[in-house]
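Several structures are given next for inspection.
Both complexes shown next keep chain A, but they swap its partner, so chain B is in the first and chain C is in the second.
After this line comes the complex of A and B, so read on.
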């Protein structure tokens, strides 16, 4: 029962506690305007270069923006504690770590989902990109799956924050890798072999591929494999994150890095 | 069958060495022995003080006892649980409060801070509401609990820290320099709160570098310096150990002739000196330990 409360109530409270961007002055530009600017930039570059249609760039750039909260906010679940000086209290508490940190992922997933759906919806309206209404349900599911898997990678980043102070740097690098490798602006098929190999192991790649298929009229069932792969990858990153978290927590007690890292 | 009460905190030859490395290519290592084999025991209901200057090893010792740091030598048990092997059991039963501004969620209200830590410490929701109300009253923050912590004064934050540390009714409370940085009135209130806690049966281990605070609060004091305990006794016992004599200073105007010689001739007086300070003179009398030299 307590683990459930830590998962739901604790997760939401820590989200409110740790993220300064919850004020409108920070939230609106970060989550609503920046993704639209990114979409417009790449759509117009795509039009100029004649590489692909508007829908391709709209989907990739809208969905990848879910990674902003999923990577940065999740990484901040440890980094923020360190900034507030609450990390030693968290570590010295008897709370079970799995519900504690997975609970922190829940609001982050919802945040990522809403950012991507907003960007896709407004981007489609402004750029007059036709995405059939019947496909939106399936697309929403795929976006949710992308948010879950990306948050798995974010949890790994959070774990590393037990050892490294500047998690935003790591999150920026991860976001850059996703933009380049996950089929956001360059179709995975068009990449060299080694890049395709990397993209297959990244969150978002399979989800974005599924959303492209759904938007072109294919059924949810036909992209089930891609979505399952996406969920599986997210689960792997999350498990790896929890394992690293456990190890680094133990190591922080041995090496006294909680206050100094 | 005779039951012998076990100490609540048992520390045997506890040691902690910090190793740090710096430099990118030619990495050089440095070792600092922060705690060099300290031993002490704290009985149930006792207020035990660790007194020492900054850098003496007080916080490091506390961090080992609350399982935030692994010892590099010796061992410690809190409420019968080993601080290395049974860390979770120790964490459930102890509270930890440290001094200073940090350690609270600034953007949350005092009430939400307490609610969150109540969750972390597994306080049942029904009990939590009543417990938080009790603690807010105890630390004098009732009525201010819905304000964001970022607007709290340093004293209010410290009192919120105390409330946080008591949420789960810990059997042992570790207070690491709790009065640091707060004004004299706030510090006095804090000391009153700590006394109340001990009266209710909580065992307290307090670190401080204020001698008067240790003297006023503690049943026993371990004086720690450079990672070693150099003295351990009751406040009265410690004062007895370091007593080298009594010193009496008297401000006088126009000291009559012969007085100094007369005082010096008293059997328990060791030395007498007179210093001119402006229009006044200060007569300083050094007497043997335990001697009452006042008229």
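After this line comes the complex of A and C, so read on.
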């Protein structure tokens, strides 16, 4: 029962306290305007470069914006606690680490999902991109899967934040890697072989591929494999994140570097 | 002469301060490089070559200058406030706007590093042949664009002095400026209502001059417009800063925004 309380109540409380992006002054430009601007930028560049159609860039850039809360909020799980001076209290607490950190991931997943859905919906309306209404249910499921898997990567970022002070810089680099490698603006099969190999191990790649297939009318069942791979990758990153967190927490205690990273 | 010395010395000090964090420096190179890489791949996928690819390389490289200024400039005064140095800025016996010029100019200078890095990245990773037909005109265009973007950054910094979360605003305007200033997309391809906005933004003329110099056309008319726009930003910033500072002093809100 205590673990459930930590998972749900602790997760929500820490999200509200640490991730102070919920003020309209930050929420509107960051979660509503920036994803749309990114979509418009790449749609126009795509037209200039003479590649793909608007729908390709709309989907890739809308979905990758789910990564913004997933990476940055999870990074703040450690970085924000350090800034507020509460990291030692968190680490000293006897709470079990799995519900403690996974609980913090739950509101972030919802946030990422809503950002991507908003960007996709408004982007489609403004650009007059036709995405059949019947496909929206499957697309919503795929976006949720992308948010989950990307939060796994965010958890790994949170763990590294025990060693690295600039969590925002770290999250920006992770986001940049996703923009280049995850098939957001260039189809994975148009990339060089080594990039294709990297992209296969990143969150978002399989999810975005699945959403392209769904938007072109294929069924959820036909992209089940890609979505399962996406979930599997997210779980791997989350497990790795929890393991690294455990190791770096132990090392920080031994070296007394919790607040000086 | 005193003003020039002030700008030069403060620019040098600000540049040193901004160069201290290796992590931040890495990001200022990597962030535009991520976008440039994607854009090079898109143009290559579209079969672009020769002048089209060079034009994309020049535009992509200039993106880094704006990236280095947009978010940082919007947040600059909030940062001074946090460090407790905003009051010293206001108390200094020089116009407030003038004191901000070296601050945002140093940011744009950092962006110029990323411009060089992006051009080299395009040359060696993507084999883009960087042939600049008018090297002198190109260098002048880069210097003027850096200056003009620095001035635009100063105007943003002053305008956002009362906005606590100004970084979010700065971050949100990064991509629109890339788009509407024609860094990669011809302004004629944008909706007609955007074009007047493009015309009043100095980066539009700076990037156009860089592209003209690279292609062997005359960049000077565009450079003239770029300098004119930068001077207008300076004049507006001076008026706005006087009003803002007077208001903050009268209401004792300098540290409370």
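Everything below uses one rule, namely that the second predicted complex is superposed on the first by the 261 of 261 C-alpha atoms of A that agree within 3 Å, B and C clash if a C-alpha of one lies under 4 Å from a C-alpha of the other, contacts with A are read in each partner's own complex, and residues count from 1 in each chain.
By our rule, contacts are C-beta pairs under 8 Å (C-beta built on N, C-alpha and C of every residue); 3 or more make two chains touch, one makes a residue touch a chain.
A quick note: this is a predicted structure, and the numbers were derived from the prediction, not measured.
S.K.: Consider chain A as the common anchor and indicate whether chain B and chain C clash or fit when overlaid.
M.R.: fit
S.K.: Between chain B (first) and chain C (second), which, if any, makes contact with A:9: first, second, both or neither?
M.R.: first
S.K.: In the overlaid three-chain picture, which partner chain does A:186 touch, first (chain B) or second (chain C), both, or neither?
M.R.: second
S.K.: Could you say whether A:173 touches chain B, chain C, both of them, or neither, answering first, second, both or neither?
M.R.: In the superposition, A:173 contacts chain C only.
S.K.: What is the contact status of A:88 with respect to chain B (first) and chain C (second): first, second, both, or neither?
M.R.: A:88: touches chain B, not chain C.
S.K.: Determine, under the contact definition given at the top, whether A:44 touches first (chain B), second (chain C), both, or neither.
M.R.: Second partner only.
S.K.: Between chain B (first) and chain C (second), which does A:121 come into contact with in this model arrangement: first, second, both, or neither?
M.R.: Neither partner.
S.K.: Which angle, to the nearest 10 degrees, do you get at the Cα centre of chain A between the Cα centres of chain B and chain C?
M.R.: In the superposed arrangement it comes to 90 degrees.
S.K.: After the superposition on A, what does A:254 contact: first (chain B), second (chain C), both or neither?
M.R.: first
S.K.: With both complexes overlaid on chain A, what's the closest CA-to-CA approach of chain B to chain C, in Å?
M.R.: Between chain B and chain C, the shortest C-alpha distance works out to 11 Å.
S.K.: Name, in rising order, each residue of chain B that touches chain A in their complex.
M.R.: Within the complex, chain B touches chain A at residues 18-19, 63, 66-70, 88, 91-92, 96, 98, 100-108, 112, 115-117, 119-122, 124-125, 164.
S.K.: What residues of chain A sit close enough to touch chain B in their complex?
M.R.: Those in contact with chain B are residues 2, 5-6, 9-10, 13-14, 16-18, 20, 22, 84-86, 88-95, 100, 253-256, 258.
S.K.: Applying the document's contact rule, which stretches of chain C touch chain A when the two form their complex?
M.R.: Within the complex, chain C touches chain A at residues 21, 23-24, 26-27, 30-31, 33-35, 37-39, 41-43, 45-48, 56, 163-165, 168-169, 171-172, 175-176, 178-179, 184-186, 189-190.
S.K.: So in the complex, the part of chain A that touches chain C is made up of which residues?
M.R.: Those in contact with chain C are residues 21, 23, 25-26, 29-30, 33-34, 37-38, 40-41, 44-51, 164-166, 169, 172-173, 176-177, 179-180, 184-186, 190-191.
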